[in-house]
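Shared chain: chain A. Partners: chain B in the first complex, chain C in the second.
On to the complex of A and B.
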């Protein structure tokens, strides 16, 4: 057959590479499912991966490589395969040797233009000198202004699929789990450890990256398959084990916090499981290591595990005529598999007897193999079995530093450096028969359960050690170390020659191990090459750091389902029905206005309006020491607050910066109700508790947050007394219920309401707090009973205008993270003669320095211009002297007004200053008193 | 993610807590100097090793806890209720 791939039907139709039924095959031959590959129709069996289905159809070239656009075929035939990254529909970078074919899948090769077969960019192979070691650093740096152009061109050449800007409707999920024992790896060791732990009473989570449990037993002989069947049956029968296949442990963090990406849930694109494991058992097995030699990336060069997977799992003949280089028993078994699959084995090069491959020849695919004895053997398949890499990632993340064993040619865990709650089992620890591996893992599983608190005597874990293996990394003829990143052996030695003599530097300079396989295939070879080039040992050279995540996780899975709870007041249904424009204020959704905020303002100034102020923070304070608490947290004095009285207070932090404000009323002898800003409700509660619990645990104060226990309504305007009087049994006469007083009584038939007479809007107003479940009722009664008074609902926007007309600042609007008390203009409130209050020293010093900015009123000379908030105020030399903090058109005054923070030199009333608008125009504003409407406060005191 | 042993709720994810900061005495506001006060406000020892700090169990019992933690290993040597001294 042709060694160049084609899927075209007709004269050169490819020979099917599908074998007859195999004992361990994972495909279901009873039906086939259709999919397309680069637009052509194909069929697969259920259970086929994309790559196995294509390989069965005779496809040998799957992709073009990252930098040089060299043709690439299968190397590992599993999740890591660097040659099998595909675009599947909208999804790029799909692991084609892992992802199962689904009906109708549209699969295409990546990084090819115009086609896989005739790739224009393969010219990079000829222009290799422009892509020299570290070429990103060397070639495209200067002239710097051209970088955007370079970047644009380079991006067309890099290895990636195409993503759609449409996020689609994929559903991603999160789950939290708390297994006693979490086993990472579902091979024979992982299964045995899980069984032992579960039988000892532990709840067990068994996580396997592949689609089936079993690890290497899956492609083993009859005895292996029998052992696998037995273990699987036991696992299935053990109710204490939750099995997750096609799922991977992505990282281990403090206190065995373990991430798991679960990929095969129906209806879920990907789920991130956050597991808190009592004991983590690391049983990932081993990863077969590629051999580095000239031509090692040709399609047709495969690892022994790849051909064993293809033959035994997918019943695919990997080639026609093979050369096998084997240094271990597993490689020898590959020879038997190939012969059984009808592959002509032209030669077996026993690496234990120093025979091996030095070069592979071919264009577009392997044609011949050159041995170290000078033979040249025609072949379309070269199989290497030259050693194993221990994926120690989870152990490194647990604090272990695996040690290199030259006699075994791999790293192994150092038990002395592993934390108590992490154990290792299986081949990552050592090599043995399946029976011995299972016996070791059984002990590990029992010990894992014991360490997770499931009792039982301490377990003696049998010894398990790696068997000897020759150190085989490279034939010394060049070739690729990193097939994802197209990093060659020469790149590594060049980097060392250029002075990058540590493995971490070589990694960053050459990008070796930085591709999608993240070093799992190439790290040890890279270390060996660096060691050889620097004259150090592999142990001295060390490895790069194995950081989380171990396997890629989608951003969708990390984000999970959106969990953004919102809060509504009990009156929200009414607001919805009456056309309220919603405003997102922290967690709260509340009405910004009902269509015309200016009209709402006029209604409050001339008649009566009601606003839903439920989000205002409310703390119920009880106990004899409440006055001490208030005196400590507020800058003003609270000792003499009479029964039934309300007082306004401002809180500063210890740095003197304004933190919150609000009123507190005294409802009973030892009973107070504190209000906070809407946004500060949670913060102030924690703040109060902080001072009570850490500084004054002896004070008798009990704090209950009641923000949502009450629905709160402010009734404001000259006719508010008339309206509320129709609904309450509380005497509202000016003599009986004066300004800044609090009463309790019933409103609209609802008992236990709290009524405050306060004046944020500057009008006669009552703020009523009613038990939340009656909030809507009271609101509707106010609207119904006030119809003849023209009662108007108003929103946050009207309230902001009303308070601005009164010059009341809003914390975090007119103040910021640096605004200390005297800047906010609360000089009269701050009582420096108190023994103590939070922020006292800083406020004392602020006043002594007397160089602070001031919060002032501003009015543009042209009253039709509203300078946007945050517009800068300029001083005479054009420097910044302050900024507009609030600004609105005042319906009451018919002109624009504002508040501003401004340097003290320019803060005197009557000063004219320049304000620069965002569009660059300058306007003149005059400094005024902060209070624009009713400076004497007559309206709110009637 | 680190676990913190709350004396009331048991071992809990650190994300349930708010980190308040290193615990230290508040200077006497009547006699303090700017240098001393700002050291209290802003300057923390941030040692690599044992440190006494305050955590607030925001998503749990809402108690402030006095915690002694080794910043190098995240080992928590003690965690007691700040107000009552209650330990688990």
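On to the complex of A and C.
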């Protein structure tokens, strides 16, 4: 007959394992909150983790393991617990022993089918002997072509939850912080260090992974709880300390750049804090290390700290009948906790006296324990307290190389190798009473503040040594080293036998320490097994490298809020109100059209239209040396530009490649206004400043970007003069204000406007720059006063058609990163007789070679076909001879037109060439002059 | 010729419009301590001059600091906004006179200087409140603590990926930051700040002025 009372009443009714009130419990018993577990209704107290609530309800099996789908229960009952990864709603891989229950949570086990209890994939256990180390590498490497098929099948066995494409309402956030002292770890040492630093005048950020400050004091005795209460009260009263709970330091980088994942903000899925700390204090405490023996993964096998958490924090009885293997005082305290919780302690195996467990027996849960003295003890709970691991990650990332101390059976930081701006405090350094730990951390905190620049003499930090502890890693009977990855002790020894004789190679070959706990539970055991297998010491074997991140961070937190700037013209509200289709052009939001771009083209050709061209780059140039600057940067000449005159210019880079174009007008004796392409505005500004500051700092020129100082409106069409004349005091007559001139005056009552008579559309047109705050006013006035003229707003698409009809090229569309000046067809503009200008040598060489491609007009013979831009032009042998750079259906001509770059041999007007369309069809196009409409320019010069 | 009175509009959308001195302003009044306002109607005059010459002395402040004074048009805030660059803020409607006054003062130095009225070319937001620095910490990597960025500090940095001149200009002892950007980025920056500050209770409020 079994000595174990059943934990189930009948077939499916679990017995409550909830205890009466405990002194340090963190649950709120005044109310309960509902949640579901694999579809079943459950209730929890506020403060319960998912795992504690389920354990209180008698649940023992929480998950199935990674490879063999073995049943798993609680091991650590905290963030690291490898047996408690859940799917919560749409969120996979939730740490169930850390995440608090929220009302309505839908919790389910991951990757089990058809159920957690009867998981078909558990058949892998039967094939376990064939799934040894390197199984996947060895089995699926050949034949290589079949890998996609293998991958498809193997993915069905991946141990993870399901994500949703729906991001939900929560968002991810970033925050920057600059604390004088950042304390990683909110146990007694962390709190004491933070207090001391703050009292020394430092701003302090105290980061704690758990939901409350306190570390192990939380599950301690009355004295511990009293000390905890006192420390918490002092921290709360200290305004210089910012406390972050449910947050974890993810890594330490150069110059104490420290990442922190903050998880408990309302409405925020996760926040990444980027902190630049003056001094980093590492005070993470210790992590209890599992013991490796056959059956060590059975539900019911727990660490002593797990038991203490369950009993004292969550008031949960962890089992009915227990065996405890203890090698330290903390394990002994777990025995006391169990007895107080009403658990029958069947045996205490004192490992300090070489007594211990060698095997655990059971199916689906622990049923019996086998000791090294040959006893078999029935139990549903086996508690091990066999040693501690110092989580030195942040110290390793700071350049430290912790050393192994055999007498303490753990690694310790090496103070000599730590940088000045990093200190360690508390149990990671050594063991002592709470009072001594606080004293040590107090000194560390004061020294941290001093090193952060808060002054004062150097602080003597008291020594803190680890107490002796037996080296206990494995019973030598097998078992699992890494419960996340299902890596067994045998896998480790097999890997070493196959020649992977360094711990780094063993890690990569077996994947030990590569699971979600990232080695915090496994590394030292793995090192010990490798050391035993290789005949080396643990110190000689060393550890794997502790790299960032210390704890998993979501990709969302790394990305943070999407900061993607957009820019708006002052007329954007009007465009929105009038149904403009928005076009994203760089950062600018522009109206692409207002419904019918072809109609907009016809309106401009026959009447008058207005377009918002605010994004056109504008640079205010002042000083007596502006002409020198213009002569240097443009390929044409500028010395004789008269007052009120405008000239078109093209800029080339040093390699002669066209980089921008635009018009520049002379507004005053030493005052010019340069325009650039919309997309090139920032680049040209940097280009101009670069030449001024590096090559000609002696020139007296001031350049000020004024792109958005003006709202820019182009008024185009045969009736544009009539429309603008109704609103301005400037004489617009052809004689007074001819083509390529600029004037200043008022428009619609707005002073200080700049009026240009230029034409990108090929029509009579005026471009007006209005002080930006009045842009909407002027636009609305143009629309109102031009109503009888049929004034039509037109968008970027109509403008592109109009300019294509006129044969104006667009930099970076009709040119590319290799298009030199002569290819762009600006032969007449390039003045090789100038003393110097940027790109001169390369352009001179290009002309001498005379083998460049040409920018030409093209017309398909079938005028109904518009060859898509980037369609390739073929020569007679089928080789690529060029490409279509721009193409549209011309509303003015009623046929398709385009521009193309083509090899010089085929560039003569009248040549017919083949264009291959993206769908594979070939069409014939004829080479024409680039100007398709009004080649004499009569329309724009009226 | 137009017979309508021009109406100037700031870069940030107005919820409750009211017209004052030719500007369309937001009449909202925030109830909380953390506020954001569009101060774009303030006169904004941009000065270029030698970094450390007589013009600097005439303007009364160097790079990275601010000074309040009167350059002949009433109270102004002079900001050393960049190497050889100054931003002078004044009351709405004073830009033209302010520009002329500064030009006149700097002409006496004999240095090569440029004075431009950029009132309409830049957006100017003001973020005010005890936790204003926490809002900025959501969009900027700069240390806005009193020790590093005290009242009167000025710097050019990136806020939510937009180049911004940040000017610490406290109001009655309450931390306050003037944020000066290209006008076209004004709405975006306001939206980004309101987003970053929604957990802190950040509210839009009406134009406050320089005083």
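Throughout what follows, the second predicted complex is superposed on the first by the 885 of 942 C-alpha atoms of A that agree within 3 Å, B and C clash if a C-alpha of one lies under 4 Å from a C-alpha of the other, contacts with A are read in each partner's own complex, and residues count from 1 in each chain.
One rule holds in what follows: a contact is a pair of C-beta atoms (placed from the backbone, for glycine too) under 8 Å apart; a residue touches a chain by one contact, two chains touch by 3 or more.
As the structure is a computational prediction, the values presented were derived from the model and not from experiment.
> If we overlay the two complexes on their shared chain A, which of chain B and chain C does A:568 touch? Say first, second, both or neither.
Second partner only, chain C.
> Now for A:614: first (chain B), second (chain C), both, or neither, which partner does it touch?
Touch status of A:614: second partner only.
> So, A:266: does it touch chain B (first), chain C (second), both, or neither?
The answer is second: A:266 touches chain C but not chain B.
> I'd like to know which partner A:28 touches here: chain B for first, chain C for second, both or neither.
neither
> For A:692, using the defined touch cut-off, is the partner it touches chain B, chain C, both, or neither? Pick first, second, both or neither.
first
> In the superposed arrangement, which partner chain does A:102 touch: chain B (first), chain C (second), both, or neither?
neither
> Figure out whether A:230 sits in contact with chain B (first) or chain C (second), or with both, or with neither.
Neither partner.
> For the overlaid complexes, name the partner, chain B or chain C, with more touching residues on chain A.
On the superposition, C touches more of the residues of chain A.
> Once the two structures are fitted together, what part of chain A is touched by chain B and by chain C alike?
276
> Enumerate the contact residues on chain A facing chain B in the complex.
253-255, 257, 276, 654-655, 686, 689-690, 692-695, 697, 835-836, 840-842, 845
> Which of the residues in chain C end up touching chain A in this complex?
The touching residues are 1-11, 13, 23, 40, 46, 48, 112, 114, 116, 118-122, 137-143, 145, 148, 160-162, 182-185, 187-188, 192, 195-196, 199.
> Using the touch definition up top, name the residues of chain A that touch chain C in the complex.
Chain A residues touching chain C: 173-178, 203, 265-268, 274, 276, 561, 563-570, 573, 588, 614, 620, 622-623, 700, 702, 704-710, 726-729, 747-750, 771-774, 776-778, 781, 785.
> Residue numbers of chain B touching chain A in their complex, please.
Going through chain B, the ones touching chain A are 1-3, 11, 13, 18, 20, 23, 26-27, 29-30, 32, 34, 37, 40-41, 54, 56, 58, 62-64, 74, 81-84.
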